[in-house]
Amino acid sequence: MERRRAAFQSGLAVFAAAVAAWWLPQVLELFSIINATVYTAMAVLALSLALVWGFGGILCFGQAAFFGLGGYAYAVGALNVGDTTWAIPIALLVPTLAAAALGYVMFYGRISDVYMGVITLTVTLILFNFINSTAGEEWRIGAAPLGGFNGIPATPPLNVPGDPGTPLTPEQIFVVALACLAGCYVLCKLILRSHFGRVVVAIRENELRASLLGYDVRLYKLGIFTIGGAMAGLAGMLFANCVFVSPTMFSLAYSGQIIIWVMIGGVGTLFGPVVGAMLLQALTAWAGTLPDINPNLILGLVLVVAVLAIPRGLQPTLAGLLRRREAP
Amino acid sequence: MTALLATENLTMRFGGVVAVDGVTLSIGERELRCLIGPNGAGKSTFFRCLTGQYRPTSGRVLWRGRDIVGLEPHAIARLGIGIKTQVPSLFDGLTALEGVALGVRRLHGEREARRRALAALDRLGIADLAGATVGLLAHGQRQLVELATVVAPEPDLIILDEPTAGMSAEETAGTAALIREMSRDHAIVVVEHDMQFIRAIAETVTVLHQGRVLVEDTAPVVLSDPRVHDVYLGRPPEARQAVPA
Amino acid sequence: MHRRTLLAAGGLAAPLVMQHAALGADPIKVVGIHDASGGLDIYGKPMIACLDFAVEEINAAGGLIGRPLAVTNYDPQSNIQLYTQFATQAATKDKAAVVHAGITSASREAIRPVLKRYNTLYFYNTQYEGGVCDRNAFCTGSTPAQNVSRLVPHVMKKWGKKVYILAADYNYGQITSKWVTKFTRENGGEVVGLDFFPLDVTNFGPAIQKIQAAKPDIVMSVLVGGAHISFYRQWAAAGMKSRIPMVSTTLGGGNESLVLSPEEGDGIICAFSYFQEVDTPANKAFLAKFKAKLGASTPYLGGELAMRSYVGVNLWAEGVRRAKSIDRMKVIEALESGVSFAGPPGLTTLDPKTHHTTVDVFIAEVKNKGFQVLETFPQSPPSDTQSVCDLQKEPNASKQVVVDIKT
Amino acid sequence: MDAILATGIQALTGIASLLLVSLGLAIVFGMMRVINLAHGEFLMLGAYSAILAVEAGVNLWVAMLVVAPVCVGLLGAVVERLVIRRLYGRMVDTMLATWGLSLALIGAVTMAFGNSVAGFSAPLGSVQIGAYSTSGYGLFLIGATVVLLLAVWMVLRFTPVGLIARGTMQNAGMAAALGVPTERVYALSFAAGAAVSGLAGALMAPFSGVVPTMGTAYIAKCFITVITGGAAMLAGTATAAGLLGSVNTIGTFAFTPVLGEVLMLGVAIVLLRLLPQGITGRFFRRAL
C-alpha cells in the first residue's frame, strides 16, 4: 500500500508541474513569469530544508549558504565557460562539496543540535560578510568579478545546451525551474522509500537504537545533509537565472524565511513546505503592496499565531483531519 | 576454545569514582549469563563499556579474541551483537514491523527482511502488533517489540539491560521463558537485579559488587550464598567466610 | 539591510504614486525607481520629490507632444535585487517610455543590462564614478573629472599633501578612491591610508584610531548611506573634528548636513554640480515654486542627486519634443543632436559622444546645517568618460570602463 | 606607547559592547534556556525608547539608564505572558515564535518611526591619551558594562530572588514543590533579561546608528558569544566576549573590519568544535 501511495503522489506532482509549465506561460505576462520562476526556485530551496529537517531531523539554519554558493558557482562558471550548460554541474558541485565538508565537521564532531543550528548560522554569516567585501578589482575568478555588494548582475542566463548563442527565454527558464521542482520532489520520494531513506528517518526517530542496530548514524546524516546542500545549490542556480546573484542570497532573511515556510507548511512532509513556500511568498508580495502596512509586521504575526495554533504545521493538521475522516 | 566475548580487568573511572574495577569474565558461544548486583554495583557502566557507549579507562574487551575497545557502538553492533538498553529505545514514529525489519534489512534484501521481521514478531507472540505505531503501544508491548528488534537480525550475542523493568510478575515469567528459548541459538548476557527472574533462567550468574566480581557460579549456588544476600541488604560481605558449596 | 531582503524573494511592492494629468490622450508612461526606505532613503526621497515636480511642471505646460505624462515610482527599499524586478516590470509590464532610476552604482549596474535587453530608455541622474558607455543610458550627474578633479587640489592647497581615504565598499567607492588617488598624486600629494567599509558598518572606532596613527593632513570620505553617518558622529565625538579637516565626495548628497549637528558637520568641504544655496535667479525661482507646492514636507536639496533628477526629466522631455515622438531610437538620436537645459544649477548640455553632461561644478563648505558656496567652475566637460567612450564610433557599446592607475 | 594604550582601549570597548549586548541573552538563553531570536529587537527598542525620551525632554542619562530598561522590561513581561509561557520546553517552537516576534517588531517600528537614522551624538566629549584622542563615551561604556555584569552577578549570587530564579530554572518541579510561584519567577526572569537588553540597546545608541533593523547585526554575535561561553552563564559569556571581542578588534586593526568579523566567527566555530559544551563546559565549571 505504501509504495502505491508514494507513486501516486509523485505522478500527481509531475502532472501538476506539466500543466503549470504548459498553461501559465500563455496566461501570465512576462513579469509574472519571472516572479513565478523566483517562487519555484524558492520552493526547491524549501524542499531541500523539508528533506534535511523534516526527514533527517537536522535543523539547519544555513541552507542559504548552499543556496548562495550554488548561485555564485553558476555565475562564475557561466562567465568563464562559454556554454552555460557546463556551468550547471559546477553550480551543483560546489554546494555539494561545501555541504559534505560542513556536514563532516559537524556530525563527526559530536556537535549537539542547538550548537548545530548556531554553527550553520555562523557559516552563512561568514560567507555573507566575505562575499560582501569582494567589491575590489582583485576579487575575480577568471573572467568573473565577484563584485561584492553589487553582486554579479551580468550573469549570462542558461542557454540551449550546446548552442551558447541563444539564451533561454524567461518562459523556458520557468519551465526548467518547474521541471527541477517536480524532479526534486520525485527524487525526495524515491530517497525516502529507499533503504537509505528509511534509515535516515529511523535515525530521526531514535539515533541510539539505529546505531545499536549497526548503522553509522554520522554517515547517514552526512548523506542526507549533502543531498540537501546540492538541492539548495540547484535552487541558487535557478535564482541566478531569474534575479541575479548578490550577497543577500547568503542573508539571514533567506535562511529564516524557508524555516518559516517548512514550519507552516508542515515539518515531516514534502508537499506541505512546497505549498507553504508558494503561499507565503504570495502573502509577502501582497503585504508589500499594502500602502502603509509593513510586510514584516504581517509575516511576523502570522508566524507567531501559526506556532501557537498549529504546533506541527499546516499540512499534517490537514492530513490529520483527512485521516480522521477516513478512519473506520 | 576462545570465548565469544571476554573482558580482561576492565576498569571504568569517572573522575574519582571507580564504577568498574578490573572485571574479568568470559562468555562462550550460546551461553546464557546473568549479571546481577545491587543498584550502583556498576552493572550498567559495565554494560555500556561492552556496547561501546563508554570507552573503558583501562583493560580489554575481546570479541572472539579481537580487542574491540574504542570501536563506535555501530561497529560493535555490526560484529553480530544485539543490544537492548535499560531505557526502552525504539522507533516510536514507525510501525513495529518497519522498526524490526530495519535491523534485518542491513543484512538481507527488502522482502527477506520483512519475512524475518514477521517471524521474529510471531515468535514473541506479538505478530498482531505488526502494523501498530510503536509510540502508541503499552510499556510491556514496547519491551517485547524491542526484544524482537534485537533478535530479528539473529546476532551471535544478545546483551539485555534489565529486560523485565516495569513488567508485571506474569510478563516477567513470560520473558524468562522467551530468553531461555532464545538462548538455544544465541549467547545471551542479561543484566538484572530481579531475583525471581534469575531463578527462572537458572544458568551461570556473575555477581558484581562495587565494580568487582564478588561471586561467579551456577544460579542455585549464588542464590544461596549469604554474601550475596548481605550485599543486597547492604551489609559488608567480608564479614562472613565463603560458605563451601 | 538583511531584514529588508525578506521581500526580495517575491517583493513586488506596487507603485507608491500614480499620477495622471487631465489631458485627453493616453498618457506617456514615465517610471522612477528610487529607494524611499532603508539606508538609502536619505537620497531617494528628495529625488522622487524632484522627479514628480518636474513631471507636474511639464503636464501643467500641456504635457509632451499633446500627451500627459504619468509617473509611477517604485521603492526597492535599499535592496539591489528589487531594482532588477522593478526594472523588468517597468520595461515589460508598464512599457515605460523612459526609466529614471538608480542611486548607488550597484543598482545602476543591476538594471542597465535589463533595460538594454528590453529596449527601454534609461536615465541615471546622480554623480557617480564615471566610465559608463551605453547607447541606451544617459548619465546626467557629474563624474570624477568634474568634481573630484577640482575638489582635491582645492583642499590640498588649503590643508596639505597627505590624504587618508575612507570609502564605501562597492564599485562606486572602489573606483572613486582610485580617482582620488590619481588626482592626489597629480597634485604632488600622497595617499597615506585607504579603508573600505560595507554599507551596514556603523562602528568606526578602530578606523578613527588608524587615521590618527597615519597622521594625515586631510581625511577624504567616500562613504555612502545612512549607516555611515555614524562615522561623522564618532569622528566629532573623538574630538578629531578640530584636529584633522575633512573633505567628502558624497556628504550632502542626502540630508546628512541636516541630521548632523553643527559641531559634527561644519567645515566639511564637498563638490557637486548643484547646491540649494547656489544663488542664481533660476534657482531662487525654482526653490520658491518647489516650496510652495510641497510646503512643510519640502526636502532639503543638498548635493546634486535630487536636482539631477529634475534636470534629467527635462532633458528627456526636450529630446521627446525634438523627436516629436517617444520612440526610443528617435529620442536617442534627438538627444544626440546636442540638447541642453538651462535650469536651477545653470546650463546642462548633453555630450553626444558619451551621453554624459557638461555642467557647472561648485565647491561648498558645510555651514550650520547648510552649505556655503566657495568656488564655481562653469561648464566643465565629462573629460574622463570622453577619453574612453565614443558612442558615434561604437554605437552598441554597453560597458563601464574603469580608470586604471597603479595603486 | 600611547598607541598600544589607545588600541587597548579600543579592544576593551569592543569587548565591552559585545558583553553588554549579550548579557540580556545570557539571562534569557543562558539561564532560562529560552532561545529568544527577538533579542536584537529588544536592543533596538531600548535605543528607540531612549531617543524618544530624550526628544520628549527627559535628561539623556535618565533616558538611557531608566526609561529604556523599564519600557523594554515591561514589553518583555507582556511577551512572556502572551507567547513564551505557552512554549517552555518546546525549543523549535520558541525559536520560530520569537523569530516571528522579531519580524513583527521591526515592521511595527518601521511603520511608526520610518527608516531614517535617528540617534544622538555621544555625550562626554573626547579624552586625550598621549597623541591619541578617543571618545570619552567609550570609557564610560566599559565602566557601565563592568558595573552591570557585577550587578547581575550579585543579584543572582547573593539575593534570595536570585537564588529562587536559579533554582527554578534548574528544576521547576522541585521549586514548585517548595512553594515557589514558578510561573511568576519565569515571567520576572524573562522581563529582567529584556530590561538588561533594553539598557544595553540604549547605551549602544550613541555608538551605532539607530535603525529598525539594527538588531539583525547583533543577534548572531550575541548567540555565538553566549553559546561559546557555555554552561556558566555569566562567567561563560564574559570570557567568550573577552576572547571573541579581542579577536574582532585585532582582526579589524590588522586587516579590515570585515575580516575582523569573519575571524571572530571562525574562532567561535573552532571553539565550539573543540569544546562542544562551551568554554565553561571545561574551565570555571563552578562559576555562576
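Going in written order, the chains are labelled A, B, C and D, and every chain counts its residues from 1.
The definition used in the following text is that contacts are C-beta pairs under 8 Å (C-beta built on N, C-alpha and C of every residue); 3 or more make two chains touch, one makes a residue touch a chain.
All values derive from a computational prediction rather than experimental measurement.
Asks: Please indicate the chain closest to the centre of the assembly, with centres calculated from CA atoms only.
Replies: Per-chain C-alpha centroids ranked by distance to the global centroid put A first.
Asks: Report which interface contains more C-beta contacts, comparing A-B against C-D.
Replies: Per the contact counts, C-D leads.
Asks: Of the other chains, whose C-alpha centre is the longest way from the centre of subunit D?
Replies: Centroid comparison gives B as the farthest chain from subunit D.
Asks: Nearest whole angstrom, what separates the Cα centre of subunit A from the Cα centre of subunit B?
Replies: Roughly 45 Å, centre to centre.
Asks: Just curious, how far off is subunit D from subunit C if you go by their C-alpha centres, in Å?
Replies: 39
Asks: How far is the middle of subunit A from the middle of subunit C, if each middle is the mean of its Cα atoms, in Å?
Replies: 38
Asks: Centroid from C-alpha atoms only, then distance subunit B to subunit D, rounded to Å. What do you get?
Replies: Chain centroid spacing, subunit B to subunit D, equals 50 Å.
Asks: Pull out every residue in subunit D that's touching 2 or more other chains.
Replies: Expected reply: 103, 106, 110, 216, 256, 258.
Asks: Mind pulling the residue numbers of subunit C that touch at least two other chains?
Replies: Correct list: 1-4, 6, 169, 196, 198.
Asks: Subunit A: which residues touch two or more other chains?
Replies: 129, 132-133, 252, 295-296, 299 - these are the residues of subunit A that touch more than one other chain.
Asks: Every pair of chains that touch: which are they?
Replies: Those chain pairs satisfying the definition are A-B, A-C, A-D, C-D.
Asks: Using the touch rule from the top, collect the residues of subunit C that touch subunit A in their complex.
Replies: Subunit C reaches subunit A through residues 1-14, 16, 79-81, 84-85, 88-89, 92-93, 105-106, 109-110, 113, 169-171, 173-174, 196, 198-199, 402.
Asks: Where on subunit D is subunit A touching in the complex?
Replies: That would be residues 35, 83, 86-87, 90-93, 95-97, 99-108, 110-111, 216, 219-220, 223-224, 227, 256, 258-259, 261-262, 265-266, 268-269, 272-273, 276 of subunit D.
Asks: Where on subunit C does subunit D make contact in their complex?
Replies: 1-4, 6, 37-39, 41-42, 169, 195-198, 200-203, 205-210, 212-213, 226-227, 229-230, 233-234, 236-240, 243, 255, 259, 261, 263-264
Asks: Name, in rising order, each residue of subunit A that touches subunit B in their complex.
Replies: 195, 198-199, 201-202, 204-206, 208-217
Asks: In the complex of these two chains, what residues of subunit B are touching subunit A?
Replies: Where subunit B meets subunit A, its residues are 51, 72-75, 77-78, 83, 85, 89-94, 98-99, 102-103, 105-106, 110, 149, 153.
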